[in-house]
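Chain lettering (A, B and C) follows the sequence in which the chains are written, and residue indices restart at 1 in each chain.
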Amino acid sequence: MVRNSDAFGSLHPVVVFGYFVLVVGVSVVFLHPLILTVSFVGALAYAFYLVRWAGLRKLLPGLMLLMVIAALFNPVFNHRGVTTLFYWEDNPITLEAVVYGWVAALMVGSVLLWFVSYNQVMTSDKFLCVFGHVVPALSLTFAMVLRFVPRYLAQAKRIAAAQRGIGRDVASGNWYARARHGAAVLSIMLTWALENAVDTSDSMLARGYGLPGRSAYNDFRWRERDLMGALALGGGLLVVIVASVAGVLRAEYFPAIELNPAVPLAWLVIGVWALVCFAPLLLGLKEEVTWRSFRSNS
Amino acid sequence: MNPWVRLAWVLSLTGIPLVLLLGVLFPFERSYYFVAFAVILLAIVPFFAAFEGRKPAAREVVIIAVMTAIAVTGRAAFFMVPQFKPGVAVVILAGVGLGRESGFVVGALTGFVSNFIFGHGPWTPWQMFAYGLIGFLAGVFFSRGAAERNGLGRGSRSYKPWIIGYGTVATFVIYGLLVDTASVMMWASEFTWPAIFAIYLSGVPFNALHAFASAVFLTLLSTLIVEKLTRLKTRYGMFQPR
Amino acid sequence: MALIQVEQLSFAFPNTEQDVLHAVSFELAAGEFALLIGQSGCGKTTLLKHLKTALTPYGTRSGAVRFDGRPLGEVPQAEQARRIGFVLQNPDNQIVTDKVWHELAFGLESLGTPSDVIRRRVAEMASFFGIGDWYHRNVDTLSGGQKQLLNLAAVMTMQPDLLLLDEPTAQLDPIAAVDFLAATKRINDEIGTTVLVTEHRLETAFPLADRVLTLNDGRLVADEPPRTVGLALVHESDPMVAALPAAVRLSLALDAPDSVRTSPECAVAPPRPAECPVSIREGRAYLARKLDHAHLIAEPGHRLGFPESKDVENAVKARSATEVGDADGAEPIISARDLWFRYSRGDDDVLRGVDLTVRQGEFACLVGGNGSGKTTTLRVLSGLHKPYRGKVRLLGLDPTKAKGMELTRAGLAVLPQDPQTLFMRNTIGDDLDDVATTHFPEKEERAAMVASAAAAAEITELLERHPYDVSGGEQQRAALALALLTRPKLLLLDEPTKGMDAFFKAKLAGVLRRLIDQGLSILMVSHDVEFAAEHASRCLLFFDGVVVTEGVPREFFSGNSFYTTAANRMSRGLVSGAITVSDLVERIQALPAECTSPESVPATQRDAGEPVPEPASQKPETTTGAAS
């Protein structure tokens, strides 16, 4: 993902992280069909906006499968509910459980789709920005691991090639021979990594690591736009959470399905929720429209 | 003990029962999901606080980062079937070589960072805690005494078979059970025993293969890795018993 | 007042008798640019690490180090962290975090600097070093040169007064090395930071330095400006003389007391100069003066040196040698025809029609700039990558079709650029045993093979050592021993002299030459023009995915005008066909006969007494004195 190419992703990491936590949290906790439908569609649309068809095509079959499993899983194991549809191996399959299964499927689907976007937007440096002040030593260790992993992956390839060069074939043989060669590569890499790590720690010491009062710098600045975003999204989420807890949006599945009456207030809350779920997409689209207008003006 | 660390332990040890109690007293829709999630997070807190609290030295931070990166690389780069990975083996040996606290940090970070490659999801905290606990217990069981001073011990006093045994069991029971519980949370929107049992059962082949992989890689790697960590300790004076 | 004062500093590592440093004393004034030279293992790094307590090794020590008038130990850690910057040799190892911006901020974070100050300092340094373009990148996407520049910038954000650099360019390619040293000099010039740098690339570093400190076995043997340090070292008969820049070596060989010719008729040598030339430019001026003195460039067009005929002669010799091989019907050991390769379909071609032949007993050297495709060629030849067009035959096999270890059994061994990709065990001997096990099941045979491989690579005395406790040059030879265990007929080497000092290079050259005498053929990929000129039997210039030109070193390097040895650049247009300092010395010391009547001596006669440089047995510099 190119840095800041997405309007929502360019908000301050604290806002972005908080948004994902709360949206996923609401989706998981309040099993209301409308909430989940909106969340699912919002997540799908934003994920599509970020990774396009090419990215989604790889994910969707698995996602569908998981959702179908979730939909079937509940009626098979859950026999509560008053409306029996039929019996399967002496167990009643109830309408309530079937509906509940589909609601659960929506929940699973929307959570996974939100994580697709999360993985795109919430890159490691943003994560560090959120937690750098809270857990500085861990955050630094985390940044170092991120530094080492690509380096080690490249080194593993070099080691495998070097082993071939002196007549040790890494890629052939039965599974045990390959596991043994793999272990040898890992072992050579560990020796290399640990011995060279002495330099790394010298470099840290040379630049004053370990002095008291270390600060945590990050490259993100808190702007007015972040405050506005935080207030708008936070306010919207607060409305939904309070309304749900207060019972404005209520969904009971057992023993019988019971949704809250379609009062205007409930529709209003759903509307707010929809705005929250679609906010990242709308922000992105708004910026694209601006770009289009630039292009047509020039 | 650092006051912040003490606070973290207090928070964790009172927080977990409190959350459980609240979950039982005031159940709401899918409250168990919240409860489980909160318990996992609270369980991770004191370990991380301990790491922060002892203000780790540069070399300690580097070695923990190295071991974590090796475990992540092992999980990301290594061959063959999906479950046949050396990740758990490396975490265990980090616990053996560096002690329980570092073992937990290496494990938890391994779970966390590798999901930047495999994708984060609701399973992330569960994997973090599972890896962390495996590394921690490896440190508790093996990093005292002979293993700490002389590598894996010699001859009949060798720790190696025990480490391999522990690794196999821990992968199957701790990792398998915890990560499958994350699946339970996802799938079973209502708790029923047959449903939970079905999920655990479906995980058995994967977990068995995973445990077998741990056993194989521990057999191949344990002596080498612990030797290397021991050399580092003696040569550069790292991780001296405090 | 001196910024740093070292007084009678001695140091020994724990449990050792030998002093690593012995009564070293010197001072650095604020703003100086000092160069610290000496053989690998002479204590340079240890000395440098004594100038910053956070890095000072454990051991027994006497003497004192004073920083800014105070004993270093009494300077608070935070002040040392800020005011004394340290850059180490390996660019990759020192980078701590995954982002360029985070790395730049690391030091200031340690000092507890507030974010807005960090932002400003980082921005300033990024601008100074031109890092703006890659400020947001992940560090693993940077080149080696960029990484080392980042390490320098990450230290400079703290605005140090003293910059300590420990062989900062050893792992860089020549162009990146020059850029890095230029950046260091710029810091010294424009910010006024005091610099103390250890270097093996004296050709580049000498002209930049104000002072050259020379360590030999832990003792400071010379502390002089670059123009006079050579004379001091000759006076001390220090081995470092052999590693000095070409211009210095030339003037020392011609003018220093022990090499001034004694024959009374020699009118060439002027009185011993007080100063040596240090750069190519000064070397050229010096050479021109020398020749002028002998009235040799009075006539335009007159050139001293091997006449053209000799080059042609050499070329013909080399060619006929190979033709003889063909006449015997022997297949070349490597033959590659029209190789095309790219890493993946959408990428650009890396190899664009490579033609290349290596014959039995050759020491062929593929030289060329960074990213020209040299290493890729090596990989394609060894079957690691498959070309999408073209043919390779190697030891009678097609590497693209060879299965498993067929190539190894046929006699191919490939030595990686980084020897550390081979070491697994706790001693070099164990590693050799381990590899030998895969090739020789018999125990006695294995022991014999290990012993002979170790002897051939001259590492017998290192067998009990941990592979990471020996120096880079020794690691390289240990890796060579591992490769020799496969009993190769053909050895592919990738940049084997990287980071080595002159002495380890000479030792490696000796080892390789003996292997060739025993019938091994070598194809080496290298940036190291000087090494290739001195030791290879044939050089091939690689550019833009093809072999542009090839020839025996003399023909090859005198045909190039920039991509050539320092001695050749220095003598271009003045003396033709000289590619090493010893060539030049030989030519000029042969002058007296020519002084009298240059035209009267036929070229062939003049050259008759000289040994014709044969492929694979070029004379090392030290023996050239005998030729005159």
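Structural remarks
In this text, contacts are C-beta pairs under 8 Å (C-beta built on N, C-alpha and C of every residue); 3 or more make two chains touch, one makes a residue touch a chain.
The structure presented is a predicted model; accordingly, all values stated were derived computationally and were not measured.
For the pairs B-C and A-C, the larger set of C-beta contacts lies at A-C.
For subunit A, the chain whose average C-alpha position is most distant is C. Centre-to-centre separation between subunit A and subunit B, using Cα means, comes to 22 Å.
Our note on geometry: subunit A versus subunit C, Cα centroid distance of 49 Å, whole angstroms. Within subunit A, residues 124, 140, 144, 146-147, 151, 187, 191, 197, 200, 204-205, 209-210 each touch two or more of the remaining chains. Across the assembly, subunit B contributes 224 as residues in contact with two or more other chains. The set of subunit C residues that touch two or more partner chains comprises 424. By the touch criterion given at the top, residues 224, 227, 231, 237 of subunit B touch subunit C in their complex. The touching residues of subunit B, counted against subunit A in their complex, run 29-30, 33-34, 48, 51-52, 55-59, 61-66, 68-70, 72-74, 76-80, 84, 86, 90, 105, 109, 112-113, 116-117, 119-122, 186-190, 192, 194-195, 198, 216-217, 220-221, 224-225, 228-229, 232, 236.
By the touch criterion given at the top, residues 24, 28-31, 69-70, 73-74, 77-78, 80, 100-101, 103-104, 107-108, 111-112, 115-116, 118-119, 124, 135-138, 140-142, 144-149, 151-153, 156, 175-176, 178-180, 182-183, 186-187, 189-191, 193-194, 197-198, 200-201, 204-205, 209-210 of subunit A touch subunit B in their complex.
Residue ranges of subunit C in contact with subunit A, taken from their complex: 52, 54-55, 77-78, 81-82, 85-86, 88, 90, 92-99, 101-102, 105-115, 118-119, 136, 138-140, 151, 154-155, 158, 379, 382, 384, 404-405, 408-409, 413-416, 418, 420-424, 435, 438-439, 467-468, 482-483, 485-486, 492. Subunit A contributes residues 3, 124-125, 128, 140, 143-144, 146-147, 150-151, 154-155, 158-159, 161-169, 172, 184, 187-188, 191-192, 195-197, 199-200, 202-219 to its touches with subunit C in the complex.
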